[in-house]
């Protein structure tokens, strides 16, 4: 009878093999899990090695951060000419808006943000007053502040507006006008009345079918012919009308998706309660429909924000337009001026769009969480 | 898209298109697809206008008076002709014409507003009544004078199309440009002239036409093209936007006639007369030796031609429907043609353009004013 | 039947009245606009009608796919612009699809680095306006390229400079018909082989070895024909003459910039569609496929992609449509597309804004409605397959 081995003491604890922990394990799992992945990893590393150092060198190490004029950037092997952006910063933000009046733009921006911020933060907070504020007094205030002519404010012609300010004005107006119009169109498209439905479909498909640039050409070249003699619109306003109509068609399609997602039982229940069409839409269907398509609406806004750059083709100076027009300033001409300007503009647009898209992802998660109760 | 609705949409679209196709018939001036048009001289002229219903329209002078200022269409920035400075004040010889009109009508040259227009927008803006006068380095041609519904009233700058190339190419004449890439603005007479010139001389070329002149300069600067062509004055002006303008030469040949002048809407003869004579008054003043400095003293002169021009004798303003001291106001506030020329584009400006064709007739140029009497 | 309802409470009547009112409002709006336009055109004595399409254009165009001279008509210029739009759209769609699928799959890759690079690319490119990217490619990259006399060259036969890309042209001397015929025979036989192999696999489970290489026949047969018939193939190498390169095949920088901007931009969106399509396939499908013993690549190819495609294709079509419409930005960098040539130059020369814009919009609208029709057909087709 042999003695049974019984271990009475714990074996000394040992670290897992090196390949199973820390960096090494992570790399094995995430970078070298198969020969194919290993090849991909090596290729990607080479790619990064080829692109990142020159990029950093251009943007930071060899970049020119200060200078009186383009001479500083005309040096050989100079990187980005940030001095150009610095010198023209005021113009990039406000265009030719008179310097002593620029506080009005900032005030308008503040008024807008103050109204909008509470709406974006999800809470049980009563929001209808903010909505009401944004819908009626704010546009009026913004108009008075920006264009002046009332209350002793000096008039600033829209042809002097420019830069980021025009980009924001076009985008915000487009967004504000397209949402209600889009909801109406989407409802119209669902309507039982064939005339209304067909008109809405034609309207939506028309605007969705043509490129924005032709719409802008039309609004800048043709719109005056549509109006009675002697009547004419401001150039900026014409672009705004074009942009608003265009984006309302896209908005209508997003909202339509939301309406389709509301179960038929909801429509029927609302009817059974004896609610009128507008009551059942306004109180039952739309709140549910709009909630589900918030991400889609935000994505639409992002698209619209990027599309505002097209107004430069019809001669308005939005951010990109004003950056580009400054390239022809002979005092700042250098081989890097154009690239720097484009990179700067790209960065500004990216901040706005990426911010909005993060917000959309955040809302999507939140809404998903709500659905998964 | 909803399947059942598609046919309806298609039908409506077809209907809209048909409407567009048919409306000229209702408009009464449609080109019949008859050989009559094909056999015409190739210039796009409308067929014999049918007897039109009389359209009630108010005179431009009344509209301008009521509004309190003259609206002029100018370029989007062409130094010497119409260019805004950093604070948004416009100057240049085209702007001077506009100010002369304002001075003639209101006695105040500052009662003028400027709308920057692209090449594409300029005619529609005038046709639609958005502006009263087009003073935007625009070439007078038969098509524009007829089919576009404009009336050119005079020539404030006799120009011709020229070419600019890099000095290092060593090109001395346009005839050496065989096979060159040429950059220009789209929608201008220059684009047509280039085609005519190269074809008739049996030279090969390829054209890159941009929407905005800033883009043409940028592309030329980047080396996209060998030659930059536009009106010679434009070349001198755009050359200032290049980094080192001594690296570029303007070739001696002028390949076209480009009489640049102000235009008004067709059908308002009184307004056309006012603009025409505002321009003539400036030329006449130079011929008579009246300047902004000596105009006050000249009022007491015995020279009858000067007395008539300055409104001391006769009632010539009345015949135009404006105050009798119209020319006096123009000369004191804007100056005579020579002063305007020297201030805007003359030898002492960065453009440094000699008078050349734009000298007075008695100095061997083409500027000539009919007598004020 | 106590009391008949009031007429305004009769839903049918009310709907009729509302529609009548809407029709009246819209109708009078359209009527006012049309009336104003006609009055304005007439008052100002502006030419109208479509007769101008037959007049000679008189201007040159940098890129023409079919014959065009300065004496050609405006109608011909319209065709040139339309073909140029189609050219850049079709090639752009092709590149964007390949790049987009690659990026979309890369973003879901188990390789951390690859997934991150794809994510960064997508998030950067998607959130920067296309027009800006277009300008960047055109003006910033153009500036960086050398002048023709200092071209970058590859073995002295292909050249890159700021006038474009120049490669040798392959000119066929002799009967090209034989090559075409060989290619067609190759395509048909490849299709037959693939179909038979598939049928055999479905019926017997046997995999026909080598059938996967059948598509190569399309290339192999013409090459064989070429070797057998020994046609003369001449390469025309571009050479520097005068101001630039002559001979060979060339791509103008406007085309290259537009193509790059459009396809890189759209690829980022397609990648997102592909990713959400793949994620929409339930996890159980992958697990079941793995349990059946399929290799990971086969799981992707045979199980996930076919199911994901059903989700991917509708948004993919709208991306294609967007790309086509976005090609109109060409006007900003002077690529002679439909908008640039027709709504740009022709509109300016003739001044007939209403007609020109109407024609341009009609063309884009027809393209988009045509795509919608195909999509509807496709959706029905897919719905039938679904059980």
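As written, the chain order gives the labels A, B and C, with residue 1 at the start of each chain.
FYI, contacts are C-beta pairs under 8 Å (C-beta built on N, C-alpha and C of every residue); 3 or more make two chains touch, one makes a residue touch a chain.
Predicted model, so just to flag it, every value in this text is computed and none were measured.
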Of B-C and A-B, pair with higher C-beta contact tally: B-C
Longest centre-to-centre distance from subunit A, chain (CA-based): B
Interchain centroid distance [CA atoms averaged], subunit A/subunit C, Å: 25
Computed distance of Cα centres, subunit C from subunit B, in Å: 40
Shared interface positions of subunit A, touching two or more other chains: 205-206, 217, 221-222, 225, 227, 229, 313, 324, 327, 338
Per-residue overlap in subunit C, given as positions that touch at least 2 other chains: 37, 39-41, 43, 139, 143, 331-332, 347, 353-354, 365, 369, 372
Multi-partner residues of subunit B (each touching 2 or more other chains): 1, 9, 13, 55, 57, 120, 124, 127-128, 211, 215, 218
Contact set on subunit C toward subunit A in their complex: 15, 18-19, 22-23, 26, 33, 36-37, 39-41, 43, 109-114, 117, 123-124, 126-133, 135-136, 139-140, 143, 325-326, 328-329, 331-332, 339, 343, 347, 353-354, 357, 360-361, 364-365, 367-369, 372
Contacting residues of subunit B [partner subunit C, same complex]: 1, 3, 6, 9-10, 13, 17, 19-21, 23-24, 26-33, 37-38, 42-46, 49, 52, 55, 57, 119-120, 123-124, 127-128, 143-144, 146-149, 169, 177-181, 186-188, 191-192, 194-196, 198-199, 205-211, 215, 218-219, 222-224, 226, 265-267
Of all residues in subunit B, those that touch subunit A in their complex: 1-2, 5, 8-9, 12-13, 55, 57-58, 63, 76-77, 84, 86-88, 113-118, 120-121, 124-125, 127-130, 211-212, 214-215, 217-218, 221, 240-243, 245
List of subunit A residues in touch with subunit C within their complex: 30-31, 33, 37, 40-41, 44-45, 47-48, 192-196, 199, 205-206, 208-214, 217-218, 221-222, 225-229, 302, 306-310, 312-313, 320, 324, 327, 335, 338-339, 342, 345-346, 349-350, 353-354, 357
For the subunit C and subunit B complex, residues of the former touching the latter: 34, 37-52, 54-56, 58-62, 70, 139, 142-143, 145, 147, 162-163, 241-244, 246, 253-254, 331-334, 340, 344-345, 347-355, 358, 362, 365, 369, 372-373, 375-376
